[in-house]
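Should a chain be cited, it is by its letter among A, B, C and D, assigned in written order, with residues numbered from 1 in that chain.
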């Protein structure tokens, strides 16, 4: 029977693993590989489509982060990864000015890294199942153990309060700051009529939370559509689950395989 | 890690890009390539199935458009593309009569081009998520930033008002004119019990609007099924988003890759 | 750009085409090919899973039909096709007794062919979207032009009325006759807690009706879940659409390609 | 036309077949092959994602079971299969201590095998469609003939009653016993905010019940969302269906093919 070259992949997954366990002290090359992989995973898992982005802070406490230039996540390669500072301006590279351009909404990343030293990775996505919870007053609440982090709170960012009538994009430092404020100390924030931002203490956590935020949204919506009263995870359960040091490692390894099985999706 | 030949594709995407930025003055070959690509994208994105079609006007102000002969969108090749006039009659080619036959509902295209000089591309589709909004009195409204054009209005075409009991197909010039009238100056019109027609100032816009019309319909339906009050994009947001000169270029490039990854879908 | 070998497929699709236009006088080989193709299409379109079957009458007025021995539709090959009589007993082949066994529910086919001379092809499926309409009192009604045949009526077969408590399977001639009676002169019948049976004047019609029965069920369910009043196709529209001599030919050609792109699905 | 190498697969499927018909006396090699196949089927059918597991008892009456070490189901190979006793401790292999680690929730398996001598196989999954029925008071009931076993009862395990505030995981013998008690003599038990456990008298039954539990959940949810009264399979129908000696064999063969068509999914 055909078998996936799993062990080779585990080796390839070592960067993220080292990053995770050692507190983000992996080599530059490893970090770039992680960002590329995260882009492909988010695309293969249908969390991002042509739009959306993911970044990683270069080191604990650092005022720099890695993110792709402005292309669709499924198409990101190592050559596309740029280094930005907390003002979301490209860092001068090798004696010259950085000429590529990152995403218009890169300020989401810079402004969150600025005020959340615990955050090492940020995802911005438009996963369709999240939209209904951003446009109604129904709060997203945890109905699934792997989505327990939702119990810490997932507020909604109403861009009208921050900027009046806009083109809905967080494309200025000011809107980035307003979004970071709406996020507060939470794991994720929904954006009304737009999508969501999810953060993590490492890139595996940010990606896995993005996937399970969407899984939870679908299950909760289905339960509510049946017109039934729902039992959510309670505070104690949310806390107990947050004590798990590595809840998503196995998922990252599998998703990486799957993303490589269907490149460009 | 396997990487998509993205740059090659960007080059291949140049036709649409040039078309878009230069106001549709691309070569005939480029336009044909765009129509073929648009067909494959719409099929790969599940916007059309065996039925549905897409056309492009040959030049600004021209009374001609390119569309495939009558085959399923996933199977269209350059050799299938025909040139029709505003009466949706084939233009005589190279000294002889055009013997192939285009779609029975080609009048949708000709009659819209006749009364909408701003329209350079037309899509007709049966995307399943649109059907519920054509058969109920619930209006499709914008809940998602990439679908903001819905805020300009998406009326419903009731073919019974135009033609009494029909076979539901817009297969005469008269029904085409009635549909064009129902569309008015809007970006799209739903067809009761049938599907939708979407227009754009270029082929990228027409295709991308088709995709995001469907995304919006699913999200809005899900929100309504939860029984909640919904916050829609407001007029100011819709206007601000309409000012973006190239909101969908990145999506076209990705979708083209994906369509080529899974030919025939 | 990679292009499907469409023309070759059109040639391969000639059997069904000839069958359709000439009133089922195609060669035995062509009919076998049609049944195999129909099995693969129904599997690729997610209308059947491991279960379900499709048959074709050998000629107008004939008391014989072709159907596979008991294997999953995606796996049917020409060598699996058997010939059964109206008692659903295998016809003796080439001087010997037929030793293979067809489906336990083959009586669905034989008993319908017995009382419906207009029927040349029968599909039995378990498409998930049909289940809710078989277990509730909500009638399936036409909301989509390609599903207009639903307007001729799609009754529900309640096996309890015919056989009391059963294992839900139509595995006797008596239950087959009861099902055929419930079907009456309609294009399809739902089976409570089980699935559906769809008939056609040729194999293309039976297969296409199976696909569009499911599309209609999903759209109607979604409209009802939004709590809205629905406008169905009216009697006149249903009649006008029934006059189309070949509404599904283009779909058959595409579906055949797609089934061949993903064998075993 | 391309045809699946079905017969070869049927041969490869012989292990499970022998197991099934001969009452689980297949060779060790056959059992290992069955567990690997079951893992791949459950992944390909979207019943498990990165998480979830499946085990088989080594022989009728035996106090041992086979299960993978802790990896994602899609990635399990024969080399990953371990043998555990009813305390869910690894059995010493070939003179040495077993150094690999199985799933944290392996106690689900051991504690069920301990009290259910009729159970030869256990599946634990997180299939999304099951979540709404675990978090509401709406009982899962049989609406589909292939899901008739649900009529024997599918209780909900509320881990709070057994362990107060936990991390939701059944990762101790005590919680495993509480889950086994909640299961009782039923074919499956839902786990509130987590997933489900499904058992069978052989591995084919456990896997097929897992698939059809999910199919039933989707159909029932859809019917309830339409706000209609539902006719469920009654007691007599459930009993009659339970008499079928081999209802799922054809499905196993197909699913095995499909899992091999898309390795790593």
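By our rule, contacts are C-beta pairs under 8 Å (C-beta built on N, C-alpha and C of every residue); 3 or more make two chains touch, one makes a residue touch a chain.
All values reported here derive from a predicted model rather than from experimental measurement.
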Shared chain contacts [chain A and chain B, defined touch]: none
Where chain B and chain D are represented by their mean Cα positions, the distance between them in whole Å: 46
Between chain C and chain B, distance of the C-alpha-averaged centres to the nearest whole Å: 32
Residues of chain A engaged with two or more neighbouring chains: 225, 227
Chain-chain contacts as defined at top: A-B, A-D, B-C, C-D
Residue ranges of chain A touching chain D (in the complex, touch as defined): 1-4, 6, 142-146, 148, 215, 218-219, 222-223, 225-234, 236-237, 239-241, 243-244, 250-251, 253-255, 257-258, 261
Interface residues, chain D side, partner chain A - complex: 12, 36-37, 49-51, 70-72, 74-75, 77, 126, 128-129, 131-132, 135-138, 160, 164-169, 192-194, 221, 224-225, 227, 260, 262-265
